[in-house]
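Chain naming follows the written order as A, B, C, D and E, and within any one chain the residues start at number 1.
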């Protein structure tokens, strides 16, 4: 079986500064990879490359067996970035409908309704997103990312500013997706929440891949174990 | 097919968020009226001959100005919640994205223009403005498309820091000069109630050529602008 | 009770208007220079006067809103501006018709006319801006500031005939704070004043009705928000 | 003293971040130049009299349009990271904040204008434009301040609107017309090489009065706009 | 001693919708209050009122013994909001210098350098903030908030997207500030991090203050205890 994500010797330069240095990483299909690393380690940069927002300066990236900007790769990838990626001027339902159409979801309307119910926004679906509180927007962003039943999920710090209930929702969505065979890659600083799902971890250290592999058992009890073991000690 | 549907979705999204209510039509209408009032202070509106001579210029000045305002926003609208990232990461090709946005801008601009045109004709007593309405609309459409393509591209460039230095945004408006110039000349002729003859055909050719060249150039380069 | 008073006032004003119409069109003679068309004056002049008054009151209540932060002032401002704008349109329309007959053109860029038009645009923009704001508190604050600024334009329109040489006729009524004027036939002036009264009361009733509606609107909006919050 | 230092800090910040990217400066500058160039083609330059008569009006139209591009950005610049909140929460009074921003906008606008002025004079062969340079600059400064004060104030009001690009000019131009009108009249006189005499003093008085009234009005009301 | 923050019967309406309903809350000087509540409970609204960004519709607010918009109150308050509040086009040093000047910090340049070192951004101090990673920006935002040695700190979800080191940094900054007699009020969903510092907690539930007082001991072991005990059970 081809891995869901294959990165080979990928470099990314911003000007002369190498934000990623020769990253090689295979993520087997159906796993959940927690991408760890301190601030500025390059997690976002790597996730942006995987999601096709940016091309590696050197090296190659295959997503689900396709090039990272190919239609097939894009259509089967879901993404949550730093920003929530929904439009403030549109209503909740309009936002989802837009993305359903862009991703060519079949039965768009029905899927949208289903997801609105799932994230308990069905009663406010026709309100403009601007009126929502941050938590409601985050839930909508989740629905947007999961809408088209992606085979690969790229999440950049998804637990940020979610309350306990919303975190539980996200975790259950992720667990369902994993059960359905999807692959999940998420960067996070909230190790505890991430460890409940992660089967694999990768540690970035200033642009280099310091460690990758299955989640060490030690991390369940002591999430920072990885940092201390493989991380730079400075 | 898929391309067209995506283009349409993007355009519909942009238009919907502008047209939420009838705000933008109202706004466009009053915008036109306000500018027309401003002109009245500049010109002596009773000198009909001068007004006719300047008409094409004034009209396109309004269009260019309204265009500059609307187009500047086009990609900036996507920034607040990083929506642009979501669009680029979705299975929409950069050119569909660009065309979708350009179409939305074009429509908005056209609405403003179609409101301006009769108001302009009426308030300045340009009794002959509508005698060649068909050709005039043709010129408006062609000129507007040129302005839109360049403006949309510029809008995309300004949201991308890296390219901002490379592509010299200061060139953007000057690049529009041939297009605006041709549209102005042709409009002046048509509004004055004359037909396009001999010498003026070259302006029309210029206008069409400009549209074709810059549309293709934009479609070819937009991927570099959007994917870093 | 309040509603009843409103209805009674509205009916009374309408009756007065009907009576005025009778006097204006049947009893009064044609004017010596202008002929029959001068009668439009009985609507043109009061319409402007009513709208200026409405704008003035809206300006006052806007300042009051900024100081006191009570929604009733905001409600009055919108209502007054909306009704005022309707009368502005009447003023523009009657003026245009009058101009068409007397001057032979619908419109000219004379100072009075231009400023009247600018005022109309400005208050239309005020209403448009309100429409674009979702949160009632922000809307009220910003609208109040705009309304205060906008009043300068009303003042200029009022003073335009004195500041610039205009094609538009100068003052004919004697008003407080105005040196010229008072050149009108007493019989006509009486009719004019009665029509002032009728239009004023009608405007007042309209404003009151509009205020009720505005209040309801805000209540509905907040109920909707409360549903969202749950 | 404290007030002035804070004002200066805010102004310096705005100028610095604008000069980093030069976004609105480029947009406004190149837009203004394009208009000037296009109109020089439209007008028949041999009819010197017409050109002189139109000069003040045209010039201020260009300034007003370019101004809108700059003013639109003034408060929009604060949105992305909620910076405006930080400024309002800091011990800077709303009026210092307003004056700082107005000063920055004023400077930017003035730069654009000072570039346009000689270009304008040159392109239209207005040989006499610089004979009364001192007074002309005075008028430009007064007019620009009027435009800036109103524009900055309304930039704060419209910054969160859906259609802020269109709403800003719609709200701002009607209010600033007295100022623009006075500046147009005075500039026409001065560019034509004449001195300001008799009848024209009223325009100067209007201009100064306008500046004073609107500066005070803005300073009085800005706190309501910034603190919710 | 006057409390650092005194809120009395404060209401906040957005239109007719009450986002805060008759909040009365005294925060004694020198304490650290964790403001808890689900998404949309009104935490941000309350913090905005305390920071003078917004006036309560009814009721009164005193900050350090002054009105909430007074110079004295503002100059002694530091704040971190949802947005990071720093300028993307300016460099790190320029950002701090600006705020140092606005807050009339003495020895501005020296203080700025000191804080840049403290948040380990001294080496990139002349880079434009746009190029920073999210964590770096957050650290800069911390420096900005602490720069003028505030007596009252208002933090809206400060732990968001900080890595372990940055959280440790923030916690040490807060601990130092508390030791120096400052008062801290922070809203957060990351209860665990907050509980290490909080001496008091307040729980908002749809605009009402459901509970406030010293931190219950139960919360150390089980942070969600408060939600379960006082929160709405829906």
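Everything below uses one rule, namely that contacts are C-beta pairs under 8 Å (C-beta built on N, C-alpha and C of every residue); 3 or more make two chains touch, one makes a residue touch a chain.
This structure is a prediction, so every number in the text was calculated from the model and none was measured.
**Student:** Enter the minimum step count from chain B to chain E; a value of 1 means the two chains touch.
**Tutor:** 2
**Student:** List every chain that touches both chain B and chain C.
**Tutor:** Joint contacts, listed by label: A, D.
**Student:** Greatest Cα-centroid separation from chain E: which chain?
**Tutor:** C
**Student:** More C-beta pairs touching across which pair, A-B or C-D?
**Tutor:** Of A-B and C-D, more C-beta pairs in contact link A-B.
**Student:** What angle of turn lays chain B on top of chain D when you fit their CA atoms, given in steps of 5 degrees?
**Tutor:** The best-fit rotation has an angle of 175 degrees.
**Student:** So how far apart, in whole Å, are chain A and chain E when each is placed at the average of its C-alpha atoms?
**Tutor:** That gives a centre separation of 29 Å.
**Student:** So how far apart, in whole Å, are chain C and chain E when each is placed at the average of its C-alpha atoms?
**Tutor:** Centres of chain C and chain E (C-alpha means) sit 49 Å apart.
**Student:** In angstrom, rounded to a whole number, how far apart do the mean CA points of chain D and chain E lie?
**Tutor:** 39
**Student:** Going through chain B residue by residue, note those that touch at least 2 other chains and give them in order.
**Tutor:** 17, 20, 23, 27, 30, 34, 37, 80, 161
**Student:** Would you please write down the residue numbers of chain E that are in contact with two or more other chains?
**Tutor:** Only 40, 82 qualify.
**Student:** For chain C, jot down the residues that touch at least 2 other chains.
**Tutor:** 118, 121, 125, 128, 132, 137, 225
**Student:** Mind listing each pair of touching chains for me?
**Tutor:** Pairs flagged as touching, ordered by label: A-B, A-C, A-E, B-C, B-D, C-D, C-E, D-E.
**Student:** Write out the stretch or stretches of chain C touching chain E in their complex.
**Tutor:** 69, 135-137, 218-219, 221-222, 225-226, 229-230
**Student:** Quick one: in the complex, what on chain B touches chain A?
**Tutor:** Interface residues on chain B, with respect to chain A: 2, 5-6, 9-10, 13, 16-17, 20, 80-83, 85-93, 227-228.
**Student:** In their complex, what parts of chain E are in touch with chain D?
**Tutor:** That would be residues 48, 51-55, 69, 71, 74-75, 77, 79, 81-90, 94, 98-99, 101-104, 128, 144 of chain E.
**Student:** Mind pulling up the chain D residues that touch chain B in the complex?
**Tutor:** 21, 23, 26-27, 29-31, 33-35, 37-39, 41-44, 50, 53-54, 57-58, 60-61, 64-65, 68-69, 72, 79-80, 162-163, 165-167, 169-170, 173-174, 177, 180-181, 184
**Student:** Hey, which residues of chain C end up touching chain A in the complex?
**Tutor:** Chain C reaches chain A through residues 134, 224-225, 227-228.
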